[in-house]
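First chain written, first letter: the chains are A, B, C, D, E and F, and each begins at residue 1.
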């Protein structure tokens, strides 16, 4: 794993262990019945379509959890591109161990590779603009840390981790405050007074008028929700650097360039994590006839 | 939840709690700063497209974990059809609690609704044949129990839960045995001798010849891997009831009917869980101006 | 540990760790007060009566949890026979560590050795018949995985692991269905429609007539509950291979041969796990006078 | 549960939950397939032999964990005697819930009832002497708290809970110290200096001479290991109240009276927990035909 | 608990449960031996010195964990001032339950009351300036959430929760970057490029020159480390609103006013959590003679 | 760590891991952004004031949890004295790992060093008397095992671990018994009959008369609560060796000598753990310019 995409391996080991237990991999009755522990195997992880590799250390953790003597060697590291039919990694070790962890390992590599590949595509589309592509909280329950990693591996950035470590004032928060007679300015002041000074205050706006109020009220970041590129450009111009701007809502590979050219700083996309197509990867295993190998 | 789709609520509460913790929902700094505990809200869960409802008890568990005083009332139960713009459920309670759990609740309902809807579609396509649509082990790590539930809710059945509770002899198992000089008959006998007598022995075959050997060797279930409907029909005829047959590999809404008409007993589809499109659902919240409501 | 008795060491380490914590072994005040860490000891595990060795890897895990530098070397592996006064294993290492884990290690070896020894006795009694001796769910809470292992080590097989991974329709299930107007045939069909196709359907019968209905209704396995060998033989003859047969209830070393000769396929015995006498094993420790040894 | 046998219900709930999960009771596929949630049942727990009731609150916790609406009502409380065919408790509730937890509930009641019954027998044998019957650390891994409770319920007392909360200097500790040139007096002084002053110092002796040294060295409790009643009486006389005395090793219903009459204060028996025969209890269930009951 | 000091009760229950288990409160041998369950008691929590009340809900959680029937009623809520000899709360319930949880409950109230009281004192000293008093990461391991709550209850604010949810570039980070040839401006740009846009970038400076570089480099917050009030005032003037300023290092009740008057926005004090004197509180218990009360 | 202060490293690793997770140390966004994994650092732990070193193995565990390749080498072991500006330990390894665990490591060393230093001071004051200085249950929730270790490291002893492993009859227990008509003698007998014989019975008394009753009633240990040295001496003389005596309440460095000279056996001080001033220690880090070092 390249240094630039840091991954908490303690967390990874926990997620992988839970996935293996869910899959009964420590008590694989078929393999226990049919494959003696001394029989060895080797194989290759093949990409069946082009994409960005992601999740090799996760797959390695899966095999290691089952059997530390399995050796999975990356030929391409996370973040590298692999063409169709390209070999991502080689594996060698006790065949029974390889078979019992195979499904879980592939599952993670396919899912994370899909997110990294889609992120890379979106990043490429906006290349040359100042827009940074980031994820959202629309991640798979239990896998947020891994999916955020895949976004970084694909060249994107991360939004706040969760509700506890960032402030994002949404339409319902504004409506709740309005019901109590509070303006956007009041809301921004209340948030400022209440949260750590290390957090920026971000507010979601739907209209130019709301955006004006947010900028005037001292928002640090303004999320432009479901606006057209033209509306966004108008907002960006009006804000004039007083706050960062984030485009959100319905961003696709088709409309991303236009949105980026509106001048926004950030583009957040839930699709990166909830709708990325899995990267098709297979593990081709060859049984080693000579058990002594 | 209808009686026919049993769901282990203890497990659900565990999954939901972990998802809320991952999302920082117990320490939602924005909501804590802006929404006083006595302010109330109400809202409706709206389907933005037609589909099969699934996950209402899961969403209820999410709100209950944050605040037992939130009331989420199902207007449609899991397994019922909802049209576009149909109301799935109503919610009422402290607004802060609703906002902090909203994302997690929606996430589960959208994901599970997607699987239930796709399953229903596949089940409808094969209606009138004897084929039963079932899931596979290609589920989201950590969510297998929920995704299998969604398949049942959609009218499908379940395959083995995991590697520990069912026997499925795959190509790599056969190859490993062959490397040790063992035939399909030998492999079936070895499995039989080793696993509990409560388990059926299922074996995956790629060819008619393998299928003949499996049937002759006493397999209980034969998985016909990536065969054409014509090949499957030939295998089914040859097996002549000696074993159950399972079609697997690349089953789509388009080819499902033809496959079912080949006479197979079981049709397993990984797509039900790894590629179902999320069902689009929104939570429309209305702040209650009078806090005493 | 021989390859043929696979044991999930991750599970073993968890059980052993919990047992050591329950016993306060990580804070053994007597040993901490009296035995300096540099003092070494060695000893032997002696069988005080003949039996089948079982649990050596479990004892090794106990010492390793306390102190990885303790070396416990098996002279007889799990599944081997040991005569009275035979040495099962040698141990060497820091004396304090040996003393703190001794009780837990012995406890497991005695209990598991007892089950393996009783299983072997029952297996020997039925040798030459086709009957397979298996366990039941009457295991010690928390130790099921270990006790099932001991049955395998003793030459027996395993029944379903638990309520989740096998179907066994018992008298109460039949009575419940009868109260709703359902016949055995109906019950078998309902079970078949509801559980994964990878599971066999087993049904418990008390009478020849019930047995006839079960066989006719397509049961995969028929449990003959508390029948005499003569009744069993009559049932086996009538079933004529349409289903497997399992004898259950009150099987002893005395009556086992007669039951096996009735022609049943399976004989299940709760006594293997709930009533096996512990195998008497002692750890004779010799303090090493020279601390440098 | 009578006040005099306190039981930590938080601990009980944890043990019971783990046992139910091990048994797959939350996913009982047979019952889920065959017994609709609205069908009700009732039944009675019958003693099939006379004994001391123990574990009713544990069984209640098992049913409550599966379904809080199940009502299990004790007719005899823990510690009361039940004759053969006597009813211990009644149960009523959803039949499916009763069936799924039945095995685990019975398992605990039988095991704990066995220990309580054996303890009561030993206590009765020594009645009128000053000897107190207590347990040892030879308990089932994971169940120590419950088994100690069963000993109290049977009229006995408890020894130290584990290695961390009491001092017992055994032969190996003495040998280790002797190898370093230390006498019993030295060992007693070292223990005294090292452990909390709230702990008594107990030392195990094999001979009259060792016993003399222990008494002279200021031991608080002297364990007389595997002595004859005559030897014990001689030691008790010599000690003359300077220390408590504990008889240990091979205590049976046959020899207990003689041992007690030697004048010892404490009699500890591993058999109470590792060799008590399970109390035979059955749950006779009656399906309620009218689901509305 | 007042609405303005939100506290995650799920977290509180976990911390309190662990503390009770550590203290053996579920197996309090003295109380179990001496206080029958039906004996009742009542008492009052008395402040033995003046201070700010904090931790009443925590103490309530401790008693509830032992016994939900104990009633602890706050007479003063968290955040209210109590004079010497003032009654904070009343308690009533089974005496045994009160005694077993007393120590843990008092422990939390004393510790948290100490922090709240010291915070209030510091807040009062700087009243009228714009400086906000906040905590640091110098909290008690395992109790950070509670101690931050106590700071809020005392009228202060919170700094970042931990290393994961805020950016604070310290001297060692700057030195590490300098060793690689990077300036403060480079470091700020690198941090900006790498962390979520929802986080402010804070940098610690020791000198006016560093401060100039930080302000010029676009820091969002500048921590003035161990400067005199005069130096701080000079920095604040130079920064001129381009960044927030935080005073840190050696802040006491004596020097706080002078520091606040330097014009800094934030004053962080580790002493609030690591050196606050416990608030002296006692629980005066009165046994209720009539057990029926 | 010297052999004489045993420390359960399994427990330590658990406490340290939880502290690091609480501090977000596995996801330190600042360090991840700014310090590349290959950059190395080294540093020294400096005492900024004289004291007794304690917690080096705990700090080592903290760095090991983050990164096993960090090397922290003790120059002074736990229990040794360090002068102001003395070096306690050296550290070397990846700089990022050092920075992420620094705060947690220091936190433990400072806190434990403070307790060890205060204990040593108290032990020195009473040197030459027979009084043994011990801790109480007034420890930091979650850290009792570590704080008791620090007391041993400082030359003190430990009181009971918790409510479960020792008997201490306090004023409220006596009052509760008195309300039921029981004398001190009755209470002592009841305790004796109920708890394991391995526990001493300790009772707290406030007056000479109570003390007389306790000694006459056979208490093993008598806690003299908040008495003057003169009162204590009178009690000690009256008890005349029939029981151990423990002085408790308000013991300071100033009055400790006088109390010790009253002849008490034990002096318990809550201040050792709840009011010890942290030992001031800093970690001075030097970045290694050459990354290859």
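The rule we apply is simple: a residue touches a chain if its C-beta (ideal position, glycine included) is under 8 Å from a C-beta of that chain, and two chains touch if they have at least 3 such contacts.
Computed from a predicted model, the values in this text were never measured in an experiment.
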Contacts common to subunit A and subunit C (chain labels): B, F
Required steps from subunit B to subunit D (each step between touching chains, minimum): 1
More contacts between chains, A-E or A-F: A-E
Longest centre-to-centre distance from subunit C, chain (CA-based): E
Gap in Å, rounded to a whole number, between the CA centres of subunit F and subunit C: 45
Interchain centroid distance [CA atoms averaged], subunit A/subunit B, Å: 23
Computed distance of Cα centres, subunit F from subunit D, in Å: 34
Multi-chain contact residues (two or more partners), subunit D: 26-27, 32, 36, 161, 164-168, 194-195, 199
Which chain pairs touch, all of them: A-B, A-C, A-E, A-F, B-C, B-D, B-E, C-D, C-F, D-E, D-F, E-F
Residue ranges of subunit F touching subunit A (in the complex, touch as defined): 26-27, 32, 36-38
Complex contacts: residues of subunit E adjacent to subunit F: 15, 18-19, 22-36, 39, 41, 95, 99-100, 103-104, 107-108, 111, 137-138, 140-144, 161-170, 172-173, 175-180, 187, 190-191, 193-195, 199, 274-275, 277-278, 285, 287-289
Of subunit D, residues touching subunit F in the complex: 132, 134, 157-161, 164-168, 194-200, 202, 220-221, 244, 246, 265-266
Contact set on subunit D toward subunit E in their complex: 3, 6, 8, 10-11
